[in-house]
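A, B, C and D are the chain letters, set down in written order, and residue numbers restart from 1 in every chain.
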Amino acid sequence: MLKYLVGRLAGILPVLLVISVFVFGFVHLLPGDPARLVAGPDATQRDVELVRQDLGLDQPLWVQYGRFLGNAVQGEFGRSMKSKRPVSQEIGERFLPTLYLTIVAMVWATLAGLLIGVASATKRGRWQDHVGMIVAVSGIAFPSFWLGLLMIDLFSVKLGWLPTSGYGTWQHYVMPSLTLGLGVAAVMARFTRSAFIEIAREDYVRTARAKGVPARLVVWKHTLRNAMIPIITMVGLQFGFLLGGSIVVETVFSWPGLGRLLVDSVNYRDYTVIQAEILLFSLEFIIINLLVDVLYAFANPEIRYS
Amino acid sequence: MSAVAAAKAADTAPALLSVEGLSVAFDGEHGPVRVVEDVSFSVAPGETVAIVGESGSGKSVTSLSLMRLVDYAGGRIVGGRIRFKGRDGRERDLASPPAEALTDMRGNDIAMVFQEPMTSLNPVFTIGDQIAEAVMLHQGLDRKAARAEALRMLEKVRIPEPARLLDRHPHQLSGGMRQRVMIAMALSCRPSLLIADEPTTALDVTIQAQILRLIRLLQDEMGMGVIFITHDMGVVAEVADRVVVMWRGRKVEEGPVERIFQAPQHPYTKALLSAVPKLGALRGQDLPVRFPLLVVDDAKADAALPAPPPVQDTVRAADAPLLEVRDLTTRFDVRKGIFGSLKARVHAVEKVSFAVRPGETLALVGESGCGKSTTGRTIMGLQSATSGTIRFDGLDTATLDSNGQAKLKEKIQYIFQDPFASLNPRMTVGFSIAEPMLVHDYVPTSKPGVSRRRAIEERVAELLTQVGLKPEHARRYPHEFSGGQRQRVCIARALACDPKLIIADEAVAALDVSIQAQIVNLLMELQARRGLSYLFISHDMAVVERVSHRVAVMYLGQIVELGPRRAVFESPQHPYTRRLMAAVPIADPSRRTRDLRLLTGEIPSPIRNVGDEPAVQPLVPVGDDHFVARHAVGGDF
Amino acid sequence: MTTTDATSVAVSHDAIRSPLREFWRKFRRNRTAMAAGICLLALTLAAAAAPWIAPFDPAAFDYDRILEGPSADHWAGTDAYGRDILSRILWGARISLSVGLLSVLLGGVAGVALGLVAGFRGGWIDSLIMRVCDVLLAFPGILLAIGIVAVLGPGIDNVIYAVAIFSVPVFARLVRGSTLGLKRAVYVDAARAIGVRDRLLMVRHILPGTLPSVIVYVSMRIGTSILTAASLSFIGLGAQPPSPEWGAMLADGRSYIGVASHVTFYPGLAIFLTVLAFNLLGDGLRDALDPKLR
Amino acid sequence: GPAFAAKDLVVGLPDNITTLDPADINDTLSQSASRTMMQGLFGFDKDMKLVPLLAESFTVNDTATEYTYRLRKGVTFHDGSPFNAQAVKTNFDRLANPANRLKRQSLLAMLAETVVVDDYTVTLKLSQPFGALNNNLAHPGAMIHSPKALETYGKEIGRHPVGTGPYKFVSWAADTLKVEKNANYWKPGLPKVDTVTLKSVPENGSRIAMLQTNEAQFIYPLPPEMVKMVEANSALELIDAPSIIARYVAMNTMKKPFNDPRVRQALNYAVDKNAYAKVVYRGYAGPLDSAIPSKLGFHVTQPNQYTYDLAKAKALLVEAGYPNGFEAEMFGRNSTNFIRGMQFVQQQLSQIGVKLTVTPLEAGVETARVWGVEKPEDATVQMQYGGWSASTGDADWGLRPLLWGKGFPPKFFNVAYYKNDTVDSAIETGIGTADTAKRAEAYRVAQEQIWKDAPWIFLGVENLLAGKSKKLTGFYYVADGGLQMEEADLQ
């Protein structure tokens, strides 16, 4: 396992390098001229050319890549084309809000999802199951903007309990994390239920019962641990997705996170920011998935990597 | 407590458990199917009741019903009462409350050893955790003390290096080791009633004797009632106070053990007893001989077949060996900690060499955990060998490409020790049996004008019938069978493609003696007809005596004795072999050996530190074709 | 009884063929799932019959009746152009259902295949597939979609491809995870010992074990895909105005939430019910595939 | 006590501020933000009228090549340094120098030399005649930084604005800009509030909610469909003012069938402009009765309006040889509002048999497909749904970029590929003189010709809608979409 881990970790750098080439190429091949977009809607061609020179976009592609790579190696990703700030500042400023929100949302959603899923599985076919699954389906089928706006209307406008939007105190976290987490909770609930039903009839669960393990532990220890693999997979994926910043939630609640930054930078073809963000997201996913793989081996000792 | 005293106690003392008119049903394809009908019996404190009966007669279902675990397996108690007197002295009917309500009673009052230890251990928890959990639940110890107690229990069931075992996971254990873990777990609950469902099928006779002794000790200590389900009449004779005989879902006979053995009433009981293989039955015989067969048909027993069973003179000694194993070594790394640093190695198979000739049955016997299954798995290519060569039909299997490997598997079939786990739970057994034929484009011979699919279906039906099942069973899923039935399904699957060699890993261990005789005879008949060879891995020395031409005895990963059956059985050379022969229980309650001491002390273990290679002594001839390894290993009994 | 005569071997018709019939038999008994299936069937039929059953032309505008709430002639009210929302939902079912279903199936098949191979083979193939998936996961959807429009051009089938691509890595990871565990099962070894080749081993013995989670994800993903498709139509990739598409109708009504809620409510309801039906159907399928349930 | 309670004004914006260096800003929002802190020689008042700010008066020569400004005295920057002619020169030279690559360089592209006459007099010499210079100087892009700050912060000036305006910079993080009262402001009695916070809240619904909960006292823009929510709340007030944002569909006059003016006119007749206002803007829009909105200088209402007349439209199509209509594709941005407008046009034209395919384009794709096209022959655009806000407030910037024969993409934005000699020379005349009368005449001619040729479907001019708390006074939402908050006060 140690060897495997070291190998995987050592493999991250070359993988990122390959990704960087890929991302660089892809981003530059997208239709859209950043110079023109950055220069603005009523900029003349002259303005556009000035901007183009300023951004170094008049250089051959490989020179641009070389510069990008050179910067990246020093942990610096150049300046945002749009705001002219260093990309690291631009992203750094938004990473923590996204991270915090992600963690809050993931924690409650995973717990709630597990609870609902387990309740549904153990009360399968009864009303608890149906209620649980309808809640779960709502979490997937309700567009989050809708939910977000409804909550703002209720909790901020009508009741005045929570601030409508923004970032700062714990009150600011309530609605965004609820909105963000609902989908996750739904996914978790569905997967937990399914994985659970699979395992609940295995012989070793019967053994646990025969030992006199209380029903609660039969569920939460003996069954869950074996049902963990799809659940871990999903937690990892959802965590990764949320870490990319949710565009809708950040928009509805004016959360200063990575999702909106991404939209903005895509709208302006702000290459430097896009590249840095995708590299960051890739790194996030690679690390999360590495952890997920490690957790697999923990969840199921028969899984071995070589 | 002596048998007589126990019987007396059963009369006077109020019953611990009394089952009255129990009926259990499963939902079948066409509505509910009753698999247990109106069964009644009782168990007094300190008493041992053995339930014997035909495979599939409802023994396991009955025992699951007592703990209401059958509810979780899709079954329902449709009639009867199960009156049980708990620790608190209160008597209640276990059949009526919802299954969930009985949680406090399980483990505490009734504990159970399941028939299939392979699937009954939770794969994600370590052995230590699983036993310690039971200890903590029922003996109120803290985590550390529970672990210590778990260790003690493992020592008691004679598992080598129990301290190391605590941190290992079930899949790293041999079949017999898992079974012992199950027993340790059940006993550590210290229940007032223990239900043991075939608890020793995967154990060699030496360890079996230990386990029986252990149960008896605890029983005497705590007045524990025991329900012992087994098909081994030797074990019944050894442990039981009373015997309940089941047949086709019903109780057909019940009585004190002596009465049952001396004067069986029901035809099935009679048949059963007469079919019991006895060690030494073939004394003086060079070649194996089939079992005399009994057919119990609708409660009427026929006598043995008129003609004496033919001898099995099938070995084509002149031909080149079919399977040749040379210096085979298989080791497992033992890793520890999250980073898995290499701590030690399990020397499961060490420099094993043997050959199987066409038409020959080579029996592989040995202590539980000595590497028999690993040898089989390595030959099948399911486990990569550390070193050594395996030749089949003259071809080195290591040199074959994947195509050749696949082809090879048409000729060699492997019957797993663990029938349930080796059947795909999502497939009907019919499909599982047909699969080898489909994979190898095998066309069964059949009447002309029959489509291939139809021919395969017919062949499946024929195979099922041959192993004593019914053609319509093909539509069922593995979990809908009893342990012995599943084992027969696996045998049917192995026979499907007319292989040349079958490696049978404890293939008849879960079968009652009458079915066992039928199956063994079937195998021998195929050998006579088609020249099949068998590598027959077994603990049951009486069966081994019947089927094998030659016997290899394994101990701690090495072959310590190898020779013709008669030579090995009649003049065992290696101390371990001798011990093995001596420990075989005898199916006669009057010849009990209850005073056997519990063994204590160090148990030799195949786990060695890295770099500490075991000494392998060459096999030296001691007789005609008879070899023995002369070294300290295994000598210190 | 050593040999068996042919007569005793009589009745075993479809003994080895039964899985499909067995499946249907069990599925039929699950009433919720059947109801969900029938609902979806009805919806599909309604979508197919939209030209005949929709009360209005989905593009017919009436500027005198904008944003009217439900009434006798407009059961679900009208939108900002005075178009009949019910008719648009019926017509929209064509696009939304096909995009939702096809894209997920396509992505699912590709993802499942990749995940199966990665998990089963391990080694560098696993690493390669999974790292590509990591990148795909990390790639922001809008960017990918813009790239796809650039390469493939706009059109509904390209939406299907785009949305399919989004779901590939998720399926792959999901299936790989389960495969890693399942490939250690003794019955897989047993199949191998029979001589089953790897490809068949994956498909026949491992794949079914991964299906429960796959089905769950498919049934959930359909809703997400309908919504994703809408966001693509906003960058010009998807259904072009005025084609009705549920997700787009929903997003378009976003600004009327406080004013004319029915504009979002009915398409939202349609999506909700569809997703619910797919989930219930998925549960039914799952159960029918579960041998342990009679 | 409560009398001294700090007055904190919060404004909800739709977007993030990009930078606070006005010379490098191209979005109205960041311009509004920098206008809280900075000023130029001229500015616009709330009615888009040119007013002197840091300049007191000016003179210009006949050829409009030399402008001399007298500057206001006694003004200091927030960092304490004095405002004077040298400061103006530093700023203008910086802006005009292409090497600095500032986005607003074109505002002073014609500047040849800046001469400091004395401390408070500065002369701008131009390389070519330019009549609208004061308008350019009133543009936020020409606002003046403290020269000291320019020197101190260099490239980072955009995050450290120091000007002469009513408010001083406090902080700016991701989506929130905070400024505070400039106690030494040169206009006596101003500003009246202690702090102003500009917060970006992109979701319309959330912005309204902020207003409703008094978390913000002013929000903009207010989508027309949400006006009701403001009206329903007695503490709130609707701001509804005409803008200078023209909405139109440009037709590629070089491509069939749009090369025929009758077709273009037919399409103009086929669109019901009132319905447009009603459907797309819920009634909050006015007519576009000439090529430029009425709020722009030199606007002339055209006498022969294209009133909704399907019969006439059909007749014109028949005349042009398209009795059964035709098919065409319309591009446009992918915002909800644009898509709504495009669908509307699509529906209207369907009435005369013109079948439109509506293709919403993402911003970048639009630049590639529409604005970046090098040669007119390569243009794939047939129709383009667009909008234009001439931020200088002058007819010149309302016409030249869009309809000048020399302004085809990529140079400018003449996506109608419209070229008419009369119009071209009128536009050139208008820019070549500072004489108001001459300019007025030139732009009258241009507007008339354009109207007749109808290179666009003239759709309308949307209203500026915003919501504000009734407590807020002196806060203006100007026709170009900018905000003026120097007189803002909270009761």
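The definition used in the following text is that a contact is a pair of C-beta atoms (placed from the backbone, for glycine too) under 8 Å apart; a residue touches a chain by one contact, two chains touch by 3 or more.
According to UniProt, the chain labels map to these proteins: A = Glutathione transport system permease protein GsiC; B = Glutathione ABC transporter ATP-binding protein; C = Glutathione transport system permease protein GsiD.
Everything numeric in this text was worked out from a predicted model, so none of it was measured.
Between A-C and C-D, more C-beta contact pairs are found at A-C.
Centre-to-centre spacing of subunit A and subunit C amounts to 22 Å, using the average Cα coordinate of each chain. Centroids of subunit C and subunit D (each the mean of its C-alpha atoms) stand 46 Å apart. A separation of 51 Å divides the Cα centre of subunit A from that of subunit B. If each chain is reduced to the centroid of its CA atoms, subunit B and subunit D end up 88 Å from each other.
Multi-chain contact residues, meaning those touching two or more other chains, occur in subunit B at positions 74, 171, 479.
Residue positions of subunit A touching 2 or more other chains: 30-32, 145, 149, 153, 201, 266, 300, 302.
For subunit C, the set of residues touching two or more other chains reads 146, 150, 184, 251, 254, 257-258, 292.
Chain pairs that touch one another: A-B, A-C, A-D, B-C, C-D.
Residues 16, 18-19, 24, 26-27, 98, 101-106, 109, 155, 158-159, 173-176, 199-203, 205-206, 209-210, 212-213, 215, 362-369, 371-372, 388-389, 391, 397, 401, 410-413 of subunit D are the ones that touch subunit A when the two sit in their complex. By the touch rule above, subunit A contacts subunit B in their complex via residues 1-2, 5, 200-215, 222, 225-226, 299-302.
Against subunit A, in their complex, subunit C makes its touches with residues 122-123, 127, 130-131, 134-135, 137-140, 142-143, 146-147, 150, 170, 173-174, 177-178, 180-181, 184, 212-213, 215-217, 220, 223-224, 227, 250-251, 254, 257-258, 264, 268, 271-272, 274-276, 279-280, 283, 286, 290, 292. Those residues of subunit B that touch subunit A in the shared complex are 67, 69, 72-74, 100, 103-108, 111-112, 114, 116, 119-125, 133-134, 137-138, 169, 171, 182, 185-186, 189, 335, 338-341, 420, 479.
Within the complex formed with subunit D, the residues of subunit C that make contact are 59, 61, 63, 66-67, 80-81, 146, 149-150, 154, 233-236, 240-242, 251-252, 254-260.
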